[in-house]
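Next come two complexes built around chain A: one with chain B, the other with chain C.
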Partner chain A sequence: MRRLFLILAALLLAAGCSIAGGDAKGRTTVTFRLWDEQVAKAYQQSFAAFEKAHPDIGVQVQVVPWADYWTKLPADVAAGTAADIFWTNTSNFGLYADNGQLLPVEFTGDWTTSVVDLYTRNGKLWGVPQLWDSIALYYNKDLVPDPPTLTWDPAAPDDALRATLRKLTVDSAGRHPGQSGFDPQKTRVYGFNAAFDLQAILWDFVGSNGGTWQSGDTFDFADRPKTVQAVQYVVDLINAEHVAPPAADTNTNGDKALQLFTQGRMALFQSGPYHLKSIQEAAGFQWGVAPLPNGPAGRVGVVHGVAAVASAKTRHRDATVEVLKWIGSADGQRPIAEGGYAFPGVTTAQPVFVDYWKKQGVDLQPFLDSAGGTTFPAPLGPRVGAGQTAYTPILQQVFLGRLGVAEGLRKAQDAGNEAMKG
Partner chain B sequence: MPSADAAPAPARASRRAGGRRPRASARSGTVGGSRRADTLAGYAFLAPSLVGVGGFLLLPVGIVAGISLFRWDLVSPARWTGPSNYQSILTDPAFGRSLAVTAFFVLLVIPLQTALGLAAALLLDQRLPGSTWFRAILVLPWISAPLALGVVWRWLFDPSDGAINQLLGHRVEWLTSPTLALPSVAAVTVWTNVGYVALFFLAGLAGIPPQYAEAARIDGAGPWQRLRRITLPLLRPTTFFVLATGVISSFQVFDTVYAMTRGGPAGRTEVVAYAIYREAFVDFRMGRAAAMSVVLFLLLITVTIAQQSWFRRRTTYEMG
Partner chain C sequence: MRRAVLTYLALGIGAILILAPYLMSVQTSVKTPRQFAQQPPLAPPRPPTGANYAELVVGGHTLIPPLVVTVQVVVVVVIGQLTCSVLAAYAFARLDFPGRDAIFWVYLATLMVPVAAVLVPRFVLLSETGLSNTFWGIVLPSMFGSPYAIFLLRQFFRAVPQELLDAARIDGAGHPGVLRHVILPLSRPILATLLIITAVTHWNDFLWPLVITSGARWQVLTVAVAGLQSQYQGNWTLVMAATTLATMPLLVLFVLFQKHIVRSITITGMK
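Then we have the complex of A and B:
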C-alpha cells in the first residue's frame, strides 16, 4: 500500500506540473494528451505551424501510454489536472460527456460522418474527429506471395481459411498441423493471429457470421447462436487447429502477435491501420494488405474513430477552442496524413494518406473497402468501458480453453452487464 | 531565612501569572509555565515529523475512511451511501477469494524466506572467503525496483520464448496456469526478500556473545544442539522483527503481482492490495476500494498484535 500510495503521489505530482498556464515566452499554454507516440510526432509538426500563426498560444503535447491512459485520465479529471484537450475512444467518452466534463463542439468541419456519429450523444457533438481505423489482413509476401482472398464458414467441416492456415503453420521439423508428428509447442511460423483481441479479431468474426454483441447499451452476446459459433471458431483456431499462438502468450502481452508478424514468424495478421507504422519500421520483408476473410454474412469489420475532446475545466477556454479548431481542419491534420500515421478524420486530408502508402508500395484499398462496406458497431454507452473491464478476465479464460465458449460467454455477459449498472 | 527566601518567589510568580490569586496558584503557575514551555519546545522538535505523519499518514487514513462511506467513480459526483460498501465487500466472494489468496501467499512466502534467510545468515556468519561479496549480491534484489524485477521475471517465465522454459526444454505455463501462477509469484518474492532477511539475522548473530556457544561446546553440546538451544532462542527478537515486518509486507504485496500477472489467471493471484487497486483504478469504485483498505488495515493490526503477544511471552531482549 505504501508503494501504491507513492505511485499515486508521483502521478499527481507529474500531473501537477502540467497545470501551470503559461510558458517563458508569456504565451498561454494549451495541453494536449494522446496515447500514440507515433501520431504524437505528427501533432508536433502540426502545432509548430499553429504556433507560427498564433504567437500568443503554445501547445504542449503529452504522451501517456495506452496501458495507463484510462487509469490516469479519471484520476487527473478528479484532481482537476487533466489536459485541456485529450484523445478519447468511443468506450470511454460517454462517461465524461454525461457528467459535464467536456465542452461541446460548437463548430463544424469536413469530418468523416461515421466518426461524427460515434461522438454525437444527446444531440450534441462532443469530440473533433482525429482519425479512424478499420480492419483488414496484413500478409507477409515471403510466406504468402499473392494477396489472399479467403472465406470461412464455421458450419462447414473444413473451409478455405482453416486449410490455408494449416498450410502456412510450420513447426521446427517442417511439419504442418494435421500431419502426424506436428509439435504445436515448437511452432516456427504461425498462420494467423487469432487471439483475445476484440477490435481486430473477435468482433469482426462475430460480425462476419451475422452475430451481435450489444443491444442498445446492454451486452447481448451469450445465447446468440451466431455469436457463440464465431467465438468457438476463433478459439478452435488456437486450441484445436494450432494455427495461432497459444492464448497464454497473447492474453497478457497485447503486442505478441505484432512482434511475431514483424519477426517473420506469422503469415497473416488481421489488424488496423494503427499498426502500419510499427510494421513499416520493424518488418524486414515485403508485406501487403488484403481484405478480411469473407464469412457467412460477408466481410464485416469494426470501424472505430478517435476524437479530441476539450475539458470543461480548462482555464483558457478561448485558446483551447482555437487549438481544437486547428486540429479539426485539413491544414491541422495534414501532418498526420502526410507522414502516413493514420486515416485522418478530415475527409479532404485522406487522399494524402493513401498516397503516402502507395509510394511505399502498400495499397490501403482493403481498409477503405472495409470502412465502406458493412461495418460492426464500435462499443457504445457511458459505462461500456467498465463492462469490458469486467468481462475481459472471463473471456481470457475462454481463449485459454479453461472455460467452455457458451458457458464463458454467459458468465462474461452477466459480469459485464452487472458492472455497467455502476 | 526560609521566610525571606520564600517571599520573592511568589511575587515573581504572581507577576507571571497575571497578579491574580497569589500563593498556591502562583506556585503552580511557575511549575506549569516551565512545563508549558517544555511542552511547546517538545512539540517544536516534533513538528517536522508530526507534519509528515499527520499530513501524509493520518490525514490520508482519515480520507480513506471517509471515502469508504461514499460511492464515487472519480468522474461523476460522489454519493453518500453509509456503510453499504462494507456490506457489499463482506458479502462479495471475490473479496473473500482475494483474502484467501493473500493468506496462501503469506503462508508460502514467510516460512520459506525466513528459513532461507536464516540459513544464508548462518552460512555467511562462518566468515568464509568471499562472504562480504555474497552478502552484497544477496541483497541486490531487495534494493532493486520490484516493478522492474517483476517485468524481467515475466520475460523469464514467458511460455514460448522465456529463458526458464528454454532451459527446461519443455513448455510450462508458469503465469497462466491456475496452480502454478501464485507459487511462481511467491518464489520471486522469496528470492527478492531473502537477502534482506539474512541481513537482519546476521546483525542478530553478531549481537550474541560468543561465550555462550563456547561454554556449551565445553559442556559437550554439538553444533545442532548449540543452534537449537542457544542461537535460535537468542535470535528471537530478530525473528520477531523479521516475521512481523515480513507478514505485513507480504499482506501488502502489490508491485510484483502487478508486473507479473495483473491478478490473473481468473483471479488466482489477485492478492488484497491488487484487488484494492483493481477496484479503484480499473473499475473506478473508490468507495469499495477504500472500504477494502480499511478492512485490510484492521486485519493487519490484529495480526500484528497477535504476533506481538505470542512473542512477548517467549522473548529475551537481555543478553548481558
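Then we have the complex of A and C:
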C-alpha cells in the first residue's frame, strides 16, 4: 500500500510539472486565438518579428478547432477567460460588441473598406480586418477550355448558364440532361456546385437577381419575390436540371463539391479564395478562375471578412492594443499574404498575396473584381448566428426538394426571426 | 453444418460492418492529400506513403506533447477514481452509519444528470478558482470517483459472503485489513473492468478538456486531432493518421486485458 502511495505521489508531481515551460522571462503575455491552424503558422512568424521589436511583450497563439470555436467562445467570454485578442466572423461579433465585451478599435489603418464596413456597428469599429474573401468561379480547363463568361436569368428557361451546364453534365453513357435516357443517378461529370452553401452560392445568386436576405437585423428573404425566384433557380439546378450533385450529398458534407471538382468530376466550382490551397494541392488538371455568372442585377458576390477583436476584459490593455496595431499593419500581415493563405485585410499587403498565386500560374483578378464590384453583405446582427442555426435545417429540406421553395423560405424566415429575438 | 455456415456468415458480416470504418481510416492515412482528393475513397493507396505519420511524430503537427498530457491525465484519473471508488463503495456496502442508503441513492441519482448540463457551472467554478487552462483543471472533476464506479463496486462488494469478512475480523483485521486482504483480492476482475472503462472514457474525453484548456500547453490528444481541421481545410489524410495513432494505445490496452474484458462483460452484462 505504501509503495502505491509513493508511485501516486511521484506521478502527481510529474503531472504538475509537465513538458513545455511557461513564460519565465517576466514579459506580458498577450493571448491570440484563431481557428485556422495553417494561418496560425503565419501569425507565429509575424509575432516573432513583433516580439523582437517589443521585448517586453510575448504573444501566445491558441488554435481552437473551427467545429468547436463558437461553443467554447461564449463560455470563455462569460467566465472572463477569453483570449485577449480573438478571430471572429461577421455572424458572431455583433453579440459581443453590443454586450460591451469588446474594446472598440481606436486607431485606423490601411484596411479593405468592405471589411471595415462589416465590423462597424453603432458608429464604432470593433475589429481589425485580418482576411477577406470574395466569390468567383473556378473552372476545370480540361472540361472548359476558355474562361467562361456566363449569364443567367431565371425568367428565360434556356439562359446561357443552364444551357452550358446541361452541355457540361454527362452521365456514364455520355448523355446530357434533357436528352432521353439521361440517368441522374449515374452522373459522371456535374456541371456546377449548386448546393445549400449560403456564402458561395445562394447569397450570390440572390444578390445577382436583385434580392435581399436581411433588412436591418431581421431576415426578409421570404418577402422578396426576387429572392424567392433566385432560390428556386438554384434548387432547380439540382432537382429539376440535375446539373449539380444531389442535396443529400452536399447538405451536410461541405467538402463534397470540392472533392468532385478535384477529382475532375465537376466542371465549374463557385467558391472563394479559401479553397485555392486545397485545389492547388489536389487538382491533377489545369484550372483557372473566372468571373461569377452575370444575372439580371449584374455580377454580385458575397464579401466576407475575418477580423481580430480585443476582449474588454483583458488584463493588459496597452500590450493588447500594441499587438492589435501590429496585426493591423502591412508588416504584421505580410506572412499571411506571403504564404498564400488568404487576401490580407491590409490593402498594401494584398499585392504580395496576388504575386504568390501569379507565380503558381493563377490569376486572382476575378476575386478582386468581385470584391470591387457590387457586393452582397455578409450576415450581420447580434443574434444572427442563432437565426442561422434555426433556419438551416428548414432550408436543407428545401434543397432536398421535400419542401416547396416559397413555403420553405417562409417557414425558415419565421424560425430565424423568432430565434433572433432570443 | 448449415447452422454453422449461417452463424459464420452472420458473424462475418458483423465483423466487416464493424471493422470497415477502421480499415478505411487506416488506408486513408497512408494516402497523400493528392491521392485522397483525386480518387474515390475506396481506391487503394498507390503507392502508400508514411508522410502523414512522419508529420504527426516529428513534423510540424507533432502529437507527442498531447500524447504525454493525455497519458498523465488518464493515469492520474484512473488511480484517483479507483482509490476513491473502492473506499466509498466499501463504506456504502459494508459499513453501518446513519443515512447511508439515502446518501448512496442521492449520489447515484447524479448518474442521470447529463454531462452537458453541468458543463458550464463546473467550468465557471473551476475558472473562478484559477484552475482553467491547468492540468488540475482537466483532472480534478473526475479524479474522486464516479457514481457509476461506486455503484458497480458496491454491488460487487455486497456479494462477498459475510462469513469471510467475519473470519477476518475474528483474526483481528480492522476495516483497512478486511478491504486489503479479503475484498480486494476477490475483486480483481471488477477492478480490471473499471480500470479499462475509466481509461477508455478519459482517453476519449473531448468536451471537458476542450472547454477548460486553451492553447497548446495542456492540449489532450482528442482536442489536438480536432484542431487539425479548419473551416475549409479537412486535412483528412492527416486526421485519419492521427486517429489511427490515437487508437493504438487502446488496442494495446485491449490485448493486455483481453481476458479480463471478456470476463467483465459476463459480470456486468454490459456491452
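Annotations for the structure displayed:
Following the convention adopted for this analysis, the second predicted complex is superposed on the first by the 396 of 422 C-alpha atoms of A that agree within 3 Å, B and C clash if a C-alpha of one lies under 4 Å from a C-alpha of the other, contacts with A are read in each partner's own complex, and residues count from 1 in each chain.
One rule holds for everything that comes next: a residue touches a chain if its C-beta (ideal position, glycine included) is under 8 Å from a C-beta of that chain, and two chains touch if they have at least 3 such contacts.
Note that the coordinates shown come from a computational prediction; the quantities given were computed from them, not determined experimentally.
Once the two complexes are overlaid on the shared chain, A:Gln179 sits clear of chain B and of chain C alike. With both structures placed on the common chain, the touch criterion links A:Gln286 to neither chain B nor chain C. More residues of chain A lie in contact with C than with the other chain of the pair chain B and chain C.
Residue contacts after overlaying the shared chain place A:Pro246 against chain B, while chain C stays out of touching range. In the superposition on chain A, A:Gln397 makes contact with chain B only, while chain C stays out of contact range. By the touch criterion defined above, A:Ala386 reaches chain B but does not reach chain C.
Looking at the shared chain after the overlay, A:Thr374 reaches neither chain B nor chain C.
In the superposed model, A:Ser215 lies in contact with neither chain B nor chain C.
Of the two partner chains placed by the overlay, only chain C lies in contact with A:Val64; chain B stays clear of it. When the two complexes are overlaid on their common chain A, residue A:Ala78 makes contact with chain B and with chain C alike. The intersection of chain A residues touching chain B with those touching chain C, taken from the two complexes, comprises 1, 71, 75, 78.
Put simply, chain A touches chain B in their complex at residues 1-5, 71, 74-75, 77-78, 95-96, 98-99, 101, 185, 245-249, 251-252, 386, 389-390, 393-394, 396-397, 400, 402, 419, 422. Listed in rising order, the residues of chain A touching chain C in the complex are 1, 8, 11-12, 14-16, 18-20, 22, 31, 33, 35-38, 41, 60-68, 71-72, 75-76, 78-81, 83, 254-255, 259, 262-264, 274-275, 277-278, 281-284.
Per the touch definition, chain C reaches chain A in the complex via residues 33-34, 36-40, 60-61, 65, 68-69, 72-73, 75-76, 79, 83, 119-120, 123-124, 127-128, 132-133, 135-136, 139, 180, 210-211, 214-218, 223, 226-234. Taken in their complex, chain B has these residues touching chain A: 60, 73-77, 146, 154, 158-160, 171, 173, 175-176, 178, 252, 254-255, 261-267, 273, 276-277, 281-284, 293, 296.
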